[in-house]
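Next, two complexes with chain A in common: one pairs it with chain B, the other with chain C.
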Partner chain A sequence: MHADLQPADLQPARPFADRPAITCVGLAKSYGRTRALVGVDLQVERGSVFGFLGPNGAGKSTLVKILTGLVRPSAGEVRVAGGRPGTRPVQRRIGYLPEQFRFPFWLTGREIVGLHTRLARSDGDYSHLLDLVGLSDAADRKTGEYSKGMQQRLGLAQALVGDPEIVFLDEPTSALDPLGRLDVRDILVHLRERGMTVFLNSHLLTEVERVCDRLAVIDHGAIIAQGTTDELLLSPGLRVSVGDMSADAFTRLSDVAIRAGWDPPSLADGVLRVPGVAANEVPDVIRVLVENEVPVFEAGLVRQTLEEAFVHLVREHQHSRRQEP
Partner chain B sequence: MNPHTDPRGFRSTLRESAAPVFLLAGLTWKEGIRRRIILVGFVMTVAFVALYGTGAYFSFRELRTPRIGPTTGGAIDFVAGLGADFFRDLAAYQMLSFGLFVTSFLSTMLVVFLAAGMISGDAENGTLQTIVTRPVSRTQVLLGRYLGYASVFVAYAVLLSGSILILTRVFSGYAPPHPVQALLLLLGEGLIVLGLVSLGTAALSPVATGIGTLMLFGVAFIGGIVQQIGKLLSNETAASLGGAVHYLAPTDTFFRMALSGLAPRNAGLAGQFLTGPFGEPLPPAAGPLLYGLFYLAACLLAAALLFRRRDL
Partner chain C sequence: MSPAEHTFAACPPLAADAPGGRRPVARRGLAAVSRRFVQVWRRNAYVFVKLWKTNLFPPLIEPYLYLLALGLGVGFYVDQIDGVDYLTFVAPGIIVVTSIMQATFECTYGSYFRMAFQSTFDAIISTPVSPEEVSLGEISWGATRAVINAGALMVSLAIFGRLDLVWAPAILALQFLVGVQFAALSLLITSKVRQTEYFNFFLSGVIFPVQMLTGAFFPLSRIPEFLQPVAWAVPLTSAIDLTRGIMLDRLGTHSLLELAYLMVTTAVFVELALRSMRRRLIG
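What follows is the complex of A and B.
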């Protein structure tokens, strides 16, 4: 499957088939006194879609720029596609969509793809990538006339020129509408099926949740959690829309929760959450609520969203940072 | 043809390394054409040349004296026609030096405006990041950009100064002794300015690069004048201070060496008259020429080193 990703002009020298696509050990980057990355350890397996999450300014783009050879790390080891970022053999194997970019407005979409085909030292024809990202009708228009969303689609096509083995996408859907995001998600799934490794920087968590095999969360330059999507999400629980709930009723429910072995309940904006409740235990919770005269409008078992997990992780990390002297 | 299967001789390596350099250089021309920079430059140049030609025509109609046979401007002719020809040649030279100064000034401005953002500007808008993550080295990118702007500059400067030389020749009959040498030295001046721009843009913002380069260009020009005044007044301090500026930026030295290729031969005492507002002609010498070459190479080397180390 992966063989068709290596056209004849790509040098198959020193295969890194058994090695991870990306490895970072103790990676650090400082800009003067600002520490953008602090001791990042990371491993991305080949053929996986890796989601990299974090609040704005957490160090996401800095890491991608180190991995693509644009920024030199201050300390640590980094290996991409079996080599050092920024070297010719590695650059032949990667594609990159920057977060902030503007193509020369006086070139057409087709010319941009053509330019990158030649820069990638490929003699292949990559105009089909314009179809893939839905730009076939606009291919011969100057990019200066493109909307932001179209620019981003073209940026994705550009990143895929030369059939890279690893593609780095820094916020690839930030300028897209919901339909455009769906398109990109389909493209990511398609790329994974073809065996491409995708490193996805994003703060749009639903798209990450749906396509990524593994995730890492970064905050203040440090990785605070890493694992599969399932590992990062907390256990599912019960979500109940309630009317007025007295402190007394809440205390009684908390007592029941402790005895039943559920996680402590929480109440916010008329939504009561009781994590750890199994399906056959739902009636027990409802019974406590009804007995304490709490109006119940709606109840259902929900899985925690990545957004909730993300907010929880980042808040917890920032809280513990504040506690440090 | 797969470049990796054939024996990687020196030639194929060279060809492979040169390909992206020429690709990026060609892009500069495409940009110039698509953004109508070349069109505007051409139209304004035609306007300037037309004005210059009109001025030259009327000036020399007054100065021209009836003669037998064409004027060659050679030494024998000069002596034979001392008098009217002498003043004609001086006037023609003054006009040429003015034209050459305008060429130098306009093409320097063109180069600075166009090229000041060739690294820092492209880095700011994210264009550069998609290019340098391709299998091309940053040095190749720098050379490609330099070559692109250098070729635009050369085309512009040759067109402008060539027109001026031809018009002056046609209307005045004065043939400067070394027009090609003058043109080459003028091109050398611009290529040095472009080297400075490359060095600036590798480290500084486009605006800082533009201002820095133009100021250095201006300092070199003033330095030349200080040196000239120092010589006239026999003030050694002024003369050597002006001379020292040459090492800071040898642009004015190249300009004045270019002037000497246009100045009438055997000017003798009239040499005093040649000290016009644009500087005293300097005979080209190996020292300043080699220093200029070294200066340009050092600029490009430093630019490459800075660019390679720069976080983008």
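What follows is the complex of A and C.
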């Protein structure tokens, strides 16, 4: 299992030139009249785990395919591992786990990794990658007997063939149970420790929040936010469990929020949320509620989850797009 | 923090790839192929060998039925064609038809499955293997399947005394060539389709009609005169005539022209397939 592996079990990472792992400037891609990417600026530092988030159809897979040399950009510049994607020097340095893949069900896990090793023309035995992804006991079983999670781990082992410096993982944990996701998270941390750059495209925001150093959010082909997890989360916000709250009381609280510079409050299932409230402003919110005879059961400052931040960012971006002429 | 504050503000300018800012000219088609395509061929061969019984025997049923139905069934009512009995006449046609069907199915449904459903090509292209090498690996494997099944059929024909195995290497080499041609044509079609149902047009509209038009089952002299130039324009006609020429010892100077025509058209199909597959794989 991966926990037993030491960094020395893997080949030492070969540093490329002292440049970012990935740089995109003004990257654009159009399919006919459909604009999949619009002026994407992005930089991923070497040795980091980078999370890439976005709603379905936002352009995530298009960007990943450009970075792996599977799609040509319509405009802009892109560098991966110091070179142009699709060229042999770059392809030698990357690994890729596609979002949807299947293996011939009559081949074993060891055979799959072996075949890919020959395709990558890598030297050495890479069957230890099966240990890394926790498939050593199932290495000689046919992949037709593998669960979805095991197949996903096998795909991850395949992506790591050739000792890549940058690995692109498209939804690597989507078919995994919680324990499997935990294992993959440990693997990603392990890869980062040995200097590998991981570009993680995932819908599972909890995983991204826990493992990624930096992340970016894309919507309608444009990067709408990027930074560290802490930078992206709106905090603190106030969460109050309330009883019946009249529309009049909610309007007055909204007015106070506007004057105080907080984000608009929301009320759902007896939980009132007021984002942007600082600790010293909590009494002001409680006072408004009490004055308007709203029963207050519990109140506390909460840190926004990545899911909330993601929804907030995407909705705000989509709202601003609708406002554009 | 607003989205604007998160937006990456200052990406460093990128240097040009080559001095003077000129990008290197990328090679395309056959010029972009190295020996790495052999690794793709080897991958397909390995997958085939693992299930060799399933992969080898069912495709042989159809040509054997052709041999039985046409050679022994129809042949019972046919006296002689071109100076030989019908089974001897039709055997070369069935060998070539077996070859093209194997190559066609391998590089239509087989390649499409690997490309669209298994994402195998995406995983391969993310290694130093180029799209052209993936395509040539697929084509050469399709041609190999043609040779395997044609060879198995030829063994039976030899047992029945319809084939002198002295000619087997030449016939198999020819089947490889015609296999490359139809594998390339099929991969060209595969690069264009968005779902497997479209292969029905190719199979029913091209592959099956050309079998009727190219002298596989009856002499070309039996088709209308105005169609004969069309029939000779189809390279398959040359392939069948050459195979029959080898098996019946009827090769002549025209055979060299047929072989040259087959080779030139094959090269054209391969080049077109490689370029079209690059466009499909690198969108």
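The rule is simple: the second predicted complex is superposed on the first by the 260 of 325 C-alpha atoms of A that agree within 3 Å, B and C clash if a C-alpha of one lies under 4 Å from a C-alpha of the other, contacts with A are read in each partner's own complex, and residues count from 1 in each chain.
Here is the rule we go by: a contact is a pair of C-beta atoms (placed from the backbone, for glycine too) under 8 Å apart; a residue touches a chain by one contact, two chains touch by 3 or more.
Small disclaimer: the values here were computed from a predicted structure and weren't measured.
*Asks:* Sharing chain A, do chain B and chain C clash or fit in the superposition?
*Replies:* In the superposition, chain B runs into chain C.
*Asks:* Figure out whether A:D177 sits in contact with chain B (first) or chain C (second), or with both, or with neither.
*Replies:* Neither partner.
*Asks:* Which partner chains sit in contact with A:T68 here, chain B, chain C, both or neither? Use first/second/both/neither.
*Replies:* both
*Asks:* Which partner chains sit in contact with A:D41 here, chain B, chain C, both or neither? Use first/second/both/neither.
*Replies:* Only chain C is touched by A:D41; chain B is not.
*Asks:* Considering only touches as defined above, state whether A:H317 meets chain B (first), chain C (second), both or neither.
*Replies:* Touch partner of A:H317: chain C, not chain B.
*Asks:* By residue count, which of the two partners contacts chain A more extensively, chain B or chain C?
*Replies:* The partner that reaches more residues of chain A in the superposed model: C.
*Asks:* Tell me which partner A:I223 touches in the superposition: chain B (first), chain C (second), both or neither.
*Replies:* Once the two structures are laid over each other on A, A:I223 reaches chain C alone.
*Asks:* Go through the superposed model and pick first if A:D186 touches only chain B, second if only chain C, both, or neither.
*Replies:* It touches nothing on chain B or chain C.
*Asks:* After superposition on the shared chain, which partner residues are touched by A:V25: those of chain B (first), chain C (second), both, or neither?
*Replies:* second
*Asks:* Could you say whether A:D140 touches chain B, chain C, both of them, or neither, answering first, second, both or neither?
*Replies:* It touches nothing on chain B or chain C.
*Asks:* Both chain B and chain C contact which residues of chain A?
*Replies:* On chain A, the residues that contact chain B in one structure and chain C in the other are 31, 65, 68-72, 88, 91-92, 94, 96, 98, 100-104, 106-107, 115-116, 118-121, 158-159, 162.
*Asks:* Taking the touch rule as given, give the residues of chain C at its contact with chain A in the complex, in rising order.
*Replies:* Touch residues, chain C against chain A: 1, 3, 6-8, 11-14, 17, 36, 39-40, 42-43, 46-47, 50-51, 117-120, 122-130, 281-283.
*Asks:* Taking the touch rule as given, give the residues of chain A at its contact with chain B in the complex, in rising order.
*Replies:* Of all residues in chain A, those touching chain B are 8-9, 11, 31, 65, 68-72, 88, 91-92, 94, 96-98, 100-104, 106-107, 115-116, 118-121, 155, 158-159, 162.
*Asks:* Okay, in this complex, where on chain A does chain C touch?
*Replies:* Contact set of chain A toward chain C: 23-25, 31, 41-43, 65, 68-72, 77, 79, 83-84, 86, 88, 91-92, 94-96, 98-104, 106-107, 111, 115-116, 118-121, 158-159, 161-162, 168, 217, 223-227, 231-232, 234, 313, 316-317.
*Asks:* What part of chain B is in contact with chain A in the complex they form?
*Replies:* Result: residues 2-4, 16, 19-20, 23, 27, 30-31, 34-35, 125-127, 129-137, 309, 311-312 of chain B touch chain A.
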